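One chain, chain A, appears in both complexes that follow, with chain B as partner in the first and chain C in the second.
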Partner chain A sequence: MITLKNVTKSFDNKAVLSDIDLEIKNGSVYGIAGSNGAGKSTLLRLIAGIYKPDKGEITADKAPVWENPAVKGRIAFVPEEPYFPSVVSIKSSAESYKLLYPSFDFDKCLTLAMDSGLDYRKPVSSFSKGMKRQAALILALSQNADYLFFDETFDGLDPVMRTRFKNLINEEVISRGATAVVTSHSLRELEDVCDELVILHNGSVVYENAVDMIKSSYFKVQIAYDGPKREEDFEGLEILDKSKNNSVFELIIKGGRAEVTEKLRATEPALLDIMPLSLEEFFVYELKTQGYTAEPVKGGLR
Partner chain B sequence: MKKNIWSKGLYLEGLRRLRGLMITFSALTIVFVVAFSVILRIVGGLYGRGTSGLYLTWPYLIFVFIGAPAFAFKTFSFLNKRGSSDFFHALPYTRSCIFLSLLTSLITGIAAVTAISGAAIFTAYAFSGAGADTVREVAIFTFCSFVSSLFTASIVVLSSSVSGSVFTELVLSGVILIFPQVITYVFNNFVYSSVYTASGGGQYNLAGSMNVPDFNNLPLRLFLSYVGGSAEDMTEPFPLIYSAVVCVLYLVGAYLLFRFRKSETAERSAPSLKVQAVFRVILACAFSFIGTLELIRGIIDGSYVYNYLPTVIILYTIAAIAYFIFELISTKGKRNIFKALPVFGIVIALNIAFAGLFYGVHSYEYSFGTKPEQVNSITVYAYNSYSGSVKSLTDTAYCACLREGYKINGEDTVNDICNNIAYANEHGSRSSAGNYMRFNIKSGPMTKQRSLNILTSLETKIKAEIKQSEKYKKYLKLIPSQIEDKDPYEFVGISLNEKDVKKNAYGYEKIEKVLYALRAEVKDADADEWESYLKSNGAENDVYVQYYTSFGYLKIPLSETYTPNAYSAAMEALEKN
Partner chain C sequence: MYQIDLLSRVPIYEQIITQTKKLIAAGVLKPGEALPSVRSLSMSLHANPNTVARAFTELDREGVICTVQGKGCFVTEAAKQIIKKKSKERLSDVSALCRELIAAGITKDEIIAEINKINTDAQKKGEN
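Moving on, here comes the complex of A and B:
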């Protein structure tokens, strides 16, 4: 388990992460989402032992990550802009990885490359952006690391490859008990692959929970009535957000689906539609509560 | 070795990174050696040393100043890109391990290219049938080239450990290369101009000892030995030791900086805004300190201040441009120029402080005045090096006394010197007429130094006193040989002339025979008689020994009557010529 305690990181006296407390359990896939500049990449680099926290402590199975080769040997990190020790070919890079990571599986790397349709003898510099990311993912997966960190790695992949690599990561998690942490701007990406979601905003963790919990506990409700309705009619429901569009109320409600449905039906609506909240909608709602909203353009559309 | 100090995998990866450069430089050397050997064989030229050093060892020079820095740059270039920096800092090794493993690959790479180049050069010389001296010289050059390469590489390693961009790395490498020279230049001139007693020309040689980086920088000496063709310079051990020590210090500094270097420095000019400001200040001071030095020297020089002004203005302009251009290029933001403006005040403040220190120390040292009754002793020196026209041993002996320093005994002379100092203090140090001389005045526990123009009458008095001294008589009878007594004569050449036919006799043995005879004759001569002989027999004498000294052109007349043995030896030498 990776544990972060009161972790703070600043650049040029500007705090990028402040007092982060987080536990990343082994054998799961964590998704880290957040507003722009929330500190997602910084957080990933901190837990990969690349950056040193200004304050606080980061441990993996109770051993410090920073300057600890034993722990870092169990980590594979793929940055947003992948780096290859050799641009000659994937094979040449794999030779470097073999020298640098004792647990690196050279044959696995070549097999994965072939299965992905990448020519491991071709120069990496001739690859497209997406192909480079695939190559970086292959090299990282071949490290057989216990902790796999991907910084917006899936954003440049086509849907087929995205699915393939998500499956490969899931396979690592299931077969070897590996732990994966994925950052992304696209909540859709995380929804498919993550077990847990962490939302960062302004350098702080504003939400952390299981993805299934969000899907089963948060609902978006569209409800309309023939006559006027008062606040008291919704009593007993945990309404997180409410808006009205003509006669249709749009509610975000937290609770068990059966219980919520029953209570809303009791209000005798003319229209009732209960839908699970997507991660993207949850993200927008969660950041709205933090005062982070997309303000309408002043003056509106002309 | 344990994994947390050195890693074989990282070491081999370091060598993989250098592979291309190693092949390129080795191939270039071999091509050069083969091509040049063929050309020399065809034109029948010299394999050995020409005016430009040992011809075939020229690739060393290229490698020292281009190859080795490129190797160092390539080895640690990962620090300049975020992706590569993250990759290396994510590796399962400590920072010490990363640095030491890559450093050993760098040293191995440099050693390998030097060895391959050396082998090619030695082979070429072996085929040419070069003598043992040439082989020895090539061996010395090979070793010196290796140490010099490590020296230039260590500069790049040091700068890469503290910067995060190629531009800053290049600028810092330049600064590290020249800053010790700038500091010693400024310090030496400061001491020389304001505290002469502590300078190399004075009593304590403080400035002289600070010349170490100037004269013992091995890459610089290597460069000069190629340009100047003085390969023997490389045989001196001290530059080798000095450069090796500095190289080690640079690498230790680089290691410490690397350990504490933040990975996020990649793609940034400096680890923090403060360090960025320090870079700018050092860069600007490298130029502005010399400007301030020249400015104060100009002010001290009084009426000559206008001679210094153009240099001062140019140097200050360069300092300001370097300061702001560095900020503009390294941070890629026009706005940063304005942000950098306040810190430029530190550059100005440092220069004002330096100017104040310089002028203050100078004024303090030079405003010294004393009363004769407070003086314990006064020693008079020639100001700087005496370069007047010298024709006779009488002049040489007088100059030698002044160069060594002559302690004034005459009470009357001491009074006159004190009065001259008082006059100079009142009217400005340059308001007296006459020659410039330097006095070390011991008053109580302090020794102060004053350099001033003295009245002609005072110089005559000093000269008269010196000419009565045993020291003067000693120098008067000192006939310098070709290999001994170089100081204070520092002789360069010797010849025998016969007035009418201008016959010259050269050659160690012939000349030494004349000098030996002359010395034996002068040794037993009465000093006063010898002096009057010298005064009455000048350059118009038929036969004379002629020296070129640092004082000027010196001739010692030989005569059949006063120096018969030397005269006959000289005649014999001339006839045999």
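Moving on, here comes the complex of A and C:
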């Protein structure tokens, strides 16, 4: 398990992350989502032991991550833009990885490269952007690491490659109990990959829970009545957002589906539509409550 | 066997639960029969293995399947009965739909005729 306690990180006196408390269970595929500049990459680099926290502590299976080779040997990290020196091929990279990581599987690496249609003898610098990312992914997966960290790695892979790597990560989780952490600014990239999710905004945790929990406990409701309707009729429901268009109420409700449906039906509506909130809607809604919206800032900049 | 929409608004674990029950109700999965393993289902659906495992845990809790350590998950003898009982709770969905249809101007007789049609279809299937 990876544990973060009161983790704070600043750059040039500007706090990027403040007082982060998180627990990432072993064997999970954990997503870090957030608005632009929310601190996703910083968080991942802290967990990987690349950055040192200003305050707080980060441990993996109770051992500190920072400057701890025993833990770092169990971590594989794929940066947003992987760097390969000009003459290095997948094969020669694999040879140096083998020296650094005792658990590195050389044959697995070459097999994965071949399966992906990549020539492991060619310099990676001659590859396209997507192929470079695949090369970095293959090297990371061959490390047989307990912790796999991917910084926006899924963003921009084609659907076939995306499905392939999703399966490869799932395979690592099933067969070895590996833990994966993936960042993305797009929830669509995360929702079918991860089982748990944290949403960051302005350096703080806005929400943290199982992905399926969001879809089964938040609903978008459209409801209308024949006659006039009083506010009290929605009593007993946890309504997070309410707007009215003509005579149709649009509500965001938190609660179990059966309970919400039953209570709304009891108000005898003429029209009732209940839909689970999509992850993207949830994200937009959560950030709206934090004052981050797609609407222009009121009054604008003068 | 399973068909899952990974980007649906309906949670993946709920889709797996619903479909497993459908497969049991339709007799595709029979009592005593093994469900696909978490690994194979996760691989074929490209779904997160923890999500698949969570769906199986829920089905186990409801008594529809039972998990045998190291062997896998199996459909229980009582599965069909449990699914039938749970389905009764969903009758209220029918009344909600009927109310909607009546509001749209469809008569009660038309709805009943439609229901009778389903009934004969199901009976025909049973005879075969």
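Everything that follows uses one rule, which is that the second predicted complex is superposed on the first by the 291 of 302 C-alpha atoms of A that agree within 3 Å, B and C clash if a C-alpha of one lies under 4 Å from a C-alpha of the other, contacts with A are read in each partner's own complex, and residues count from 1 in each chain.
In this section, a residue touches a chain if its C-beta (ideal position, glycine included) is under 8 Å from a C-beta of that chain, and two chains touch if they have at least 3 such contacts.
Predicted, not measured: the structure shown is a model, and the values here were computed from it.
Shared-chain residue A:Thr163: touches chain C; no touch with chain B. Applying the stated contact rule after C-alpha superposition, one finds that A:Val87 touches neither chain B nor chain C.
Shared-chain residue A:Val29: touches chain C; no touch with chain B. Of the two partner chains placed around the shared chain by superposition, chain C is the only one that A:Asp195 touches, whereas chain B remains out of contact.
Contacts of A:Asp212 after superposition on the shared chain: chain C is touched, whereas chain B is not. By the touch criterion defined above, A:Met114 lies against neither chain B nor chain C after alignment on the C-alpha atoms of chain A. On chain A, the patch touched by chain B and the patch touched by chain C do not overlap at any residue. Of all the residues in chain A, the ones that touch chain C in their complex are 27-29, 163, 166-167, 170-171, 173-174, 188, 191-195, 210-212, 215-216, 265, 270, 272, 275-278. Residues 11-12, 45, 48-52, 67, 69-73, 75, 77, 79, 81-83, 85-86, 95-96, 99-102 of chain A are the ones touching chain B in the complex. Contacts from chain C toward chain A in the complex involve residues 6-7, 9-14, 38-39, 42-43, 46-51, 54, 92, 96, 103.
Considering their complex, residues 3-4, 9-10, 12-13, 16-17, 81-84, 86-87, 89-95, 97, 262-264, 272-273 of chain B touch chain A.
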